[in-house]
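Chains here go by letter, A, B, C and D, matching the order in which they are written, and residues are numbered from 1 within each.
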Amino acid sequence: MRKIVIGVMGPAEANDVEVKNAFEIGRLIAREGWVLLSGGGHTGVMHAVNDGAKAEDGLTIGIIWTDHDRQASRFVDVAIFTGMGSARNNINVLSSDVVVACGMGAGTASEIALAIKANKDVVLLNDNDDAKAFFCGLSKTLVHVANSPEHAIEIARMILSKRPVS
Amino acid sequence: MRKIVIGVMGPAEANDVEVKNAFEIGRLIAREGWVLLSGGGHTGVMHAVNDGAKAEDGLTIGIIWTDHDRQASRFVDVAIFTGMGSARNNINVLSSDVVVACGMGAGTASEIALAIKANKDVVLLNDNDDAKAFFCGLSKTLVHVANSPEHAIEIARMILSKRPVS
Amino acid sequence: MRKIVIGVMGPAEANDVEVKNAFEIGRLIAREGWVLLSGGGHTGVMHAVNDGAKAEDGLTIGIIWTDHDRQASRFVDVAIFTGMGSARNNINVLSSDVVVACGMGAGTASEIALAIKANKDVVLLNDNDDAKAFFCGLSKTLVHVANSPEHAIEIARMILSKRPVS
Amino acid sequence: MRKIVIGVMGPAEANDVEVKNAFEIGRLIAREGWVLLSGGGHTGVMHAVNDGAKAEDGLTIGIIWTDHDRQASRFVDVAIFTGMGSARNNINVLSSDVVVACGMGAGTASEIALAIKANKDVVLLNDNDDAKAFFCGLSKTLVHVANSPEHAIEIARMILSKRPVS
């Protein structure tokens, strides 16, 4: 009965390409019938990915860093208020079957690193070559590089297909 | 777009009455169209309340104390793995529009206390008179006593109706 | 080399008796050579117990609920900033060899309950009969009632003497 | 009265150079009269840095990822048991006046990223050029590169000297 959860991580301040990619990733996640999990913020990648998922009537879960609703995206269906600040980043990755990092920033970098630490597959979608070199160096097997939202989803589908049947 | 979330807290080891009450509360929450949030465990009140909610095709969120799936109820749709032990109890109450405590134990007591601390309404459904005296003494306004699952839902409905429009 | 840590929990808003008791407990903890751990706040029981411990040149650790220094007692030597709100209450009890609850409030009640959940001994020093009845009902073996700061320390010494040698 | 706290982060599995550097950093921190904070583990950089600090009779605080004592370094004076897994990494950086990263791994990378997110200065001591390029790209002002334990301490001293007087 457990639903498949895809976590999308990305910066609260994002450029146009990142926002467009995030929206498209959210849309594609919903079309696959997967649940979208994110940090749930009301700006940047977090907002756009939830917007995209709701455009396709997906289910959206936000793991909010505050203990209140004032900075959460209105496109989040179920808001989990942690009141824990960035410590909630670890919950984001533990709760995701696959982690997709769209764009880059300090918070996103922490989530990629925490995902590797927790032995989770991560898909990177960004144009930061230093990030790709560094994280692929941290784990050759868990870190995957995508060149488009469609490619990120394709990699996620491949990762899910290889999971042990529980 | 935000869904109403009702948190049901209760012990992992529960007696027959508590299990029956938890199942019924879960059923009624789903029939109201509310999301059920719980600690997500695979035994006792946590398991029964999710079982009840799924019997009515509700949406169930489990805030799991471990970082893995082995102790989570199969009736949880979306498992949020915190890996934080009992520190996740605070997330349970922060994320619930109303907290319902069904039965009693040390973990449940901590959730009632944390709910009061976070200024959340709590509905108590149990036969522990010491608990009722103590928690009603902690807060006259936030703590409500129910005498049946139906009564607990009625109180929850009343609490939700008085919330400020956001 | 591990030092003995006594956690003292109590409300941020406290009456004169509670503040006096907290100061005395802090003093006695320092005189035993134990480390004082508290929630580290700058008011009420938290402030007074740290004040007392420093009056005897003890070592004081504060597990702060915020991510900054503005609400921490100046009598805390080492401030651990959790930025986690009340979720840090679980850290308070996990890190204490014995938990002493001085006074009562919702936060303190959560810490007593979390201590019992974590199988930690708790010493209650307050005049709330409902609290004593409730928590002694939750655990006959872990909950101890003291009638003075000196009595609380005597009970703590007795608990420590029965610990398995590691 | 608040003590200066230097956080040293590094992998549980470390090579000889990293262990030697960690020991030396711990020694130098203690000689400065600073408190050493670390993840408190009983292996690798965490163990060595505590060993070094105790060799100079420093005060050592370990923020332990488990809820028990079995994987904590015996050179930790005060063990803070979080039971939160890697979510405690955020506490490590929030509680440190300066963060020193000795060596590299997924957990360490998360701590560097969380430190930048929390606006904390970080000193990198390692031979991973990809890491240096990536993290210096994340923040030109907060990330500092050291080429020896002595250099790391010198940078820490400089950072502390520029802090606003509170």
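Criterion: contacts are C-beta pairs under 8 Å (C-beta built on N, C-alpha and C of every residue); 3 or more make two chains touch, one makes a residue touch a chain.
Because the structure is predicted, anything quoted here is derived from the model rather than measured.
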Checklist entry - Same or different: do the copies subunit A and subunit C touch each other through matching residue numbers, with over half of them shared? => result same
Checklist outcome for this item: When A-D and B-D are ranked by contacting C-beta pairs, first place goes to A-D
Checklist outcome for this item: Rounded to the nearest Å, the gap separating the Cα centres of subunit A and subunit D is 28
Checklist entry - subunit B to subunit D: how many Å between their CA centres? => result 40
Item to check | Touching two or more other chains - residue numbers and ranges from subunit D | outcome: 67, 82-87, 90-91, 94, 118
Checklist outcome for this item: Among line, ring, star, complete and other, the chain touch graph is complete
Item to check | subunit A residues within the subunit B interface of the complex | outcome: 1-3, 5, 35, 54, 59, 61, 63, 67, 69, 72, 74-84, 90-91, 94-95, 118, 166
Checklist outcome for this item: Listed in rising order, subunit D residues that touch subunit B in their complex are 67, 82-87
Item to check | subunit D - residues contacting subunit A, complex | outcome: 84-91, 94, 104-107, 109-110, 113-114, 116-118, 128, 130-131, 133-134, 137-139
